[in-house]
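To start, I am sharing the structure in question, which I have written as structure tokens.
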Amino acid sequence: MKWVEEFRDPAAIRAASAAIAEAITQPWTIMEVCGGQTHAIVRWSLHELLPPELELVHGPGCPVCVTPGEVLDAARDLAVEGGVILATYADMLRVPGQRRTGDLLAARAAGADVRAVASPLDALRLAQAHPEREVVMLAVGFETTAPASAAAIEAAARGGVANFSVLASHVRVAPAMAMILAGEDNRVQGFLAAGHVCAVVGTEDYPPLVERYGAPIVVTGFEPLDLLAGVLRCVRALEAGRPRLEVQYRRAVRPEGNPVARAALERVFEVVDAPWRGLGEVPQGGLAIRPEFAAHDALRRFELRPDERGVAAEGGQGSCRAADVLRGRLKPLACPEFGRGCTPERPLGAPMVSSEGACAAYYRHRARHA
Amino acid sequence: MPFSDYERVVLAHGGGGRVMQRLIRDLFVAAFGGAALERGHDGAVLRPRGPIAVTTDAFTVSPRTFPGGDLGSLAVHGTVNDLAMCGARPLALTASFILEEGLELRELATLVEHMAAAARSCGVEVVTGDTKVVERGKGDGVFITTTGVGELLVDPPPGPERLAPGDAIVVSGPIGEHGVAVLAAREGLSLEPPLVSDAGPVHAAALALVEACEVHCLRDPTRGGLASVLAELATASGSSMHIREADVPVRPAVADTCELLGLDPLYVACEGRFVAFVPAAQVDDALACLRRSGCEQAAHIGALGPASADPLVFAESALGGRRILDLLSSEQLPRIC
Amino acid sequence: MCLAVPGRLLERWSDATGLAHGRVAFGAVRREVCLAYTPEAQVGDFLIVHVGFAIQILDEAAAREALGYWLEIGLEMAEQEGGES
Amino acid sequence: MPFSDYERVVLAHGGGGRVMQRLIRDLFVAAFGGAALERGHDGAVLRPRGPIAVTTDAFTVSPRTFPGGDLGSLAVHGTVNDLAMCGARPLALTASFILEEGLELRELATLVEHMAAAARSCGVEVVTGDTKVVERGKGDGVFITTTGVGELLVDPPPGPERLAPGDAIVVSGPIGEHGVAVLAAREGLSLEPPLVSDAGPVHAAALALVEACEVHCLRDPTRGGLASVLAELATASGSSMHIREADVPVRPAVADTCELLGLDPLYVACEGRFVAFVPAAQVDDALACLRRSGCEQAAHIGALGPASADPLVFAESALGGRRILDLLSSEQLPRIC
Amino acid sequence: MKWVEEFRDPAAIRAASAAIAEAITQPWTIMEVCGGQTHAIVRWSLHELLPPELELVHGPGCPVCVTPGEVLDAARDLAVEGGVILATYADMLRVPGQRRTGDLLAARAAGADVRAVASPLDALRLAQAHPEREVVMLAVGFETTAPASAAAIEAAARGGVANFSVLASHVRVAPAMAMILAGEDNRVQGFLAAGHVCAVVGTEDYPPLVERYGAPIVVTGFEPLDLLAGVLRCVRALEAGRPRLEVQYRRAVRPEGNPVARAALERVFEVVDAPWRGLGEVPQGGLAIRPEFAAHDALRRFELRPDERGVAAEGGQGSCRAADVLRGRLKPLACPEFGRGCTPERPLGAPMVSSEGACAAYYRHRARHA
Amino acid sequence: MCLAVPGRLLERWSDATGLAHGRVAFGAVRREVCLAYTPEAQVGDFLIVHVGFAIQILDEAAAREALGYWLEIGLEMAEQEGGES
């Protein structure tokens, strides 16, 4: 695939890898924010191409993992008891809720009408095809995905599709990065920021973070060469003691992002404090549907108050160390439950629930035992 | 239709009376032919010359027709292939049909004809069968379960218990075409040219290999794809396996579809490929034999390591890194993350 | 997060509700994509597509630039290694 | 449940990954046991000592549990019986499951345990199998297809082609209990004491008979009942058959239910009875042998007449009149007329 | 079963058979009216117990067979296009309509929701269980069955079950008997009348028929002994030249019938001229739902006019001799299509469609070839 | 037409809509029957039941009478035959 294959060229990657080894003189800890990046790192075993001084830690960047269990419970209730058609991304089907009443696959088995869709527009089409049913799209994701939800909501409003609503659990990445940097035991010295988030919202959130915390931030793509090039820039900035914002992923990221998409986000959503599973309440960390679109907001339409249950901050059960893993304070392999009490079939915490979660990615591709 | 006054399957087609008899006689027996079926008994007699292998599979593919195959041919090839994976020459098949009330008989006839054609071209006879009809909403058109009986070519036959440290791993052709073609057909992705399933018979190539080399194990990477089959066999063998991803043949259209949908082709199903494990010294003979049998893209993709307390499958990427190929929880689904 | 894939816009149209759509080739695969957020996309452009929406137009010059640098160094390294061995 | 984190079947149980492996290992392999299954291959090796019979049936009974049996035990007994009808001692079974998303795993476990118990008590091993999961609304809980392999006791085995004019017709016990019991369970007729299906294994009695007499043909009167089986065999043999209705054993509860619903018990299914055709001179030996094998109500019900261009089955009523027992169009349904 | 078994006693039956042989001195043709009687005669091969002088011919007494094809077409349309739940007796599932678009089993296969019920009350329960669906009971039958329909209609009216209606095709036996006797080529010299019809409506319709046409009528039961005893009485009356009404089936038939059931019939139905399949329009031959119950009358509720298509009188296709068979003018075996062009799988005419029809009963039990 | 079977009334009750129902034994089989048309039926009576409705109460005296005559003649005939043979 053009503009993908090229960034996997072995010679180029060897060159970037060598450049990192050459640039580094001391240990550094860098966090890649996005689960897609974690996925690529593990998929391509990029850690094996990095010098031992460099520690890559994995951020909270899997929106599937950080969706509060209470939202999943609410979705499940709507589908099982409310009789709605619940549409969502396939990634969400196997994520357990907070009440441990099972995942959406189990809800399907119990008779709920749960459908996997590739886009919120597919869910909107379902609503148009079944005017007698309520169709609810459980929409998760960062600023990359939120515009798709916005488009579906605006199209429903424009077209008067009264039986369509969105149960939105969209989150904003920059506030979570700020929270991590501000944490007491923070170990993260530099960030690879999420390239596709920035493709939408641009890079203006980052200079204040660089300034305040002194950590370089490199907006990075998702292919092996992107990631190594991002690491190299980050290492060079750290080694030089000159933290700044850089954009490695220039082919997709403009400083202003995508103004059309940002305007849609602005029209449909407002920025709110929001709970992230495993991380707790993140100030300004979420997007809520504006009251103007209440008719298509499943929270209002069905009078759901998932966060009132007050446990959204919970990261996992019992001895789960999700809060540490998601902040880069603990590597998955160092969690005592990893691969023992906690597996993708029976996850104890957020980072094990989706295959993009840091614990699950390690479990699957790197090692099953600590 | 010559085999029914109805255009669709009705409950009477499974009712044990004339309507059913006519369907059996004028559709099934007519298509499959053969002395065993015409005998009109509820079972068939076979006279194998030695030890036999038996294998069974239910076929429930949706959509029933996809580029490169359909439920009918698949139900024959899948079981013929499983026999070959046991090192057995296919001798006979049984076919059991669960029909949903409402299925168009014309479609059923086409599927049955394709089954019969597939059986003929594999040199195997459908010797006995069964038909049940379930009420509308209690089935999905047609389900076909075939069971195969075959004669072992070698005894002991290839099997997981014969896997040995050092064995070379060979795959018979490019992987993942079936899974992606069926997904594309089901989800209405429009591919140009359409992605074609690899579904087809592998017994000729597999059995040629068994005759040419000391084959330790054969397996067709169906559900869960190549990675899952290797993970299962690593556990069964007690040895880790090492493969080189770059050596695993994947056609560009499969690779691209996987990129688009977030799938890993190593976990995508094939229905016309197999993996063979042979002693390292015989790998060139094995590849030559496969190429002679029409498997031009057969490839040596890796080897078994020494025995291990925690036998895993390791894949070395094109970039040199190594990852574990573990069993997934379930089937891969398209992802957005 | 955010599986997004680059593909080339083959044709574009608008639906009844005014939303812009396009047919996009991802290598050998073609799929419909919503162009609501890339109204300026031209046939021939590469688009970055996520959950059915084009979220950006790929800047091919930037891509070539990012890539060219490393391909060149990679080539040099390979030559050196070749010379060394 | 030890074999799943889910209470019900989910698509992942057929997804080719860990969830499926665990179901197979901890439910199916655990219940069926046996070296063949534990081998972990997609087929089994058998070493029969001579000619074999193979037979297959899909089991879709509704309700899945009924007085006297359930889908699990029926899936074993039905196929064991069909092997016996081929004159073959059951050697091995294959089992293919089509599960509907949403089925309670507890129920599946019970059915599987009953299958395993039935197989054990018939001395037959389930040697290989398959599991597929279909979406909710595309199945009906569970369908099970079993295929049986057995060793012929005599060669040539009993079969329709050996039927001869003058053969005596013997039935192994009272007819129609299965069909009526299942109908009663499905329609919620309340019978006291509940009508119990005759479902069960007949191989011991049938094979004892094969060893004791010159058995020309064996057949179990399942769908369509005794009358349909006779009508089919009359056609196959080219001879008319004559039976005496008063000699056909029918329990009062079956007779009464048939009166109430307007059914003819001669057309109601059995799942634990068989019809045997033996030379007239051996009918007393045959009856004695059956009685020794536990078929206390075995009865000599009629005979084959000479060859006929239009072979029909004639039933002489208790009153002396004679009627034709023809194939019906379809299954008998309760009637009001 | 008590009061059934006893009437099958071989000794008693031999006695009755001998008595008939003794009583008869010349050929007589007697018609059993009811399909249930035809069924028993064929089932028990009673013709073999009768003297050669006696010819039993089979009447139009199978309500399944005589239901006009147009009514079946209307039912099919309601189920296939109208989306109703169509409930009916299992006997009706395999009867082809007039349009030859297939039977109700084929309609089910094509997606219609067709259900077999054992009683119209079951259909009423279906309506109560599915208030969002229209439930239509296709109800056929003589005066024996019509009270069940009446009870369901009255219960629906009383209980306000607005989504329940009956597509009634009930017919009256006596007018058909009169029509046969009045026919030009009539061969019927005496009747065995339908015992269960008379259990409901009594016997008062018959004396005028006996008087007008000089044919003895014996109201007869359904067991072998009943039928032979009925034949004996009829033969004796014929031999004596003293035609009269007799009741053989006294254990179930009172002269006044069942007054409670008759009152219900009176309340719910009115007597109308009606088409019988194979026989044509029978004056006073049917029962129509009274306008008071229009809400539960499927004909009115769905504005059906099955008989306006004007072909109800048709008995069969092409060379079918149904009209002669149903009038006793032709035995099924004498029809040139019997067992050749016409079989239960592909019936050409009414008497072959249901297993109680005269042609089908012969086909199944007596001989397949003429 | 009109498959109707005699059965013995075991118990009776009325439903919410006022319809009378009964439990009827047909030999070994028991089934619910509507008594709307035989309101006078007593437990122990035999009823003639068609499509779930009792359409008459069976007159046992009449049944015995009809039967007795033929059973008697049948017996006599059997004795004569026995004597003759």
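Note that the chains are named A, B, C, D, E and F in the order they appear, and that numbering of residues resets to 1 at the start of each chain.
The working rule: a residue touches a chain if its C-beta (ideal position, glycine included) is under 8 Å from a C-beta of that chain, and two chains touch if they have at least 3 such contacts.
The chain list, named the UniProt way, goes like this: A, E = Putative [NiFe] hydrogenase expression/formation protein; B, D = Hydrogenase expression/formation protein HypE; C, F = Hydrogenase assembly chaperone hypC/hupF.
Quantities reported herein were computed from a predicted structural model and do not represent experimental measurements.
*Asks:* Keeping to the contact definition above, tell me which chains border both subunit A and subunit C.
*Replies:* Neighbours common to subunit A and subunit C are B.
*Asks:* Trace the shortest chain of touching neighbours from subunit E to subunit F and give its length in steps.
*Replies:* Minimum number of steps from subunit E to subunit F: 1.
*Asks:* From subunit A, what is the lowest number of touch steps before subunit B is reached?
*Replies:* The fewest steps needed to get from subunit A to subunit B is 1.
*Asks:* Look at all chain centres (mean of CA atoms) and spot the one farthest from the centre of subunit C.
*Replies:* F
*Asks:* Which pairing of chains accounts for the highest number of C-beta contacts?
*Replies:* Chains B-D share more contact pairs than any other pair.
*Asks:* Same or different for subunit B and subunit D, where same means more than half of the interface numbers show up on both copies?
*Replies:* Both copies, subunit B as well as subunit D, present the same residues to each other, with over half of the numbers appearing on both sides.
*Asks:* Could you give the separation in Å between the centres of subunit D and subunit E, each centre being the mean of its C-alpha atoms?
*Replies:* Here subunit D and subunit E have centroids separated by 38 Å.
*Asks:* Using Cα averages as centroids, what's the distance between subunit A and subunit F in whole Å?
*Replies:* Subunit A and subunit F have C-alpha centres separated by 76 Å.
*Asks:* Counting only residues that touch at least two other chains, what does the list for subunit F look like?
*Replies:* Touching at least two other chains: 1-3, 5, 26-27, 50-51.
*Asks:* Which residue numbers or ranges of subunit B touch two or more of the other chains?
*Replies:* 11-12, 18-19, 255-256, 259, 328-330, 335-337 - these are the residues of subunit B that touch more than one other chain.
*Asks:* Residues of subunit E that contact two or more other chains, please.
*Replies:* 1, 4, 10, 13, 35-36, 62-64, 89, 94, 118, 141, 145, 344-345, 356
*Asks:* Go through the chains and record each pair that touches.
*Replies:* A-B, A-C, A-D, B-C, B-D, B-E, D-E, D-F, E-F
*Asks:* State the interface residues of subunit D toward subunit E in the complex, per the touch definition above.
*Replies:* 187, 255-256, 259, 264, 310, 312, 317-324, 326, 328-330, 333-337
*Asks:* In the complex formed with subunit A, which residues of subunit C make contact?
*Replies:* Against subunit A, the touching part of subunit C is residues 1-6, 8, 17-19, 26-27, 34, 36-39, 46, 48, 50-53, 55-56, 58-60, 62-63, 65-67, 70-71, 73-78.
*Asks:* Taking the complex as given, what residues does subunit B use to touch subunit C?
*Replies:* Against subunit C, subunit B makes touches at 184, 189-192, 195, 252-253, 255-257, 259-260, 262, 335-337.
*Asks:* Give every residue of subunit E touching subunit B within the complex, in rising order.
*Replies:* For this pair, the touching residues of subunit E are 94, 102, 105-106, 108-111, 344-346.
*Asks:* Residues of subunit E touching subunit F in their complex?
*Replies:* These residues of subunit E touch subunit F: 1-4, 6-7, 9-16, 18-19, 34-36, 61-64, 89, 118-122, 141-142, 144-145, 147-148, 151, 155, 158-159, 194, 196-197, 199-200, 222, 225, 229, 248, 250-254, 258, 260-261, 264, 356.
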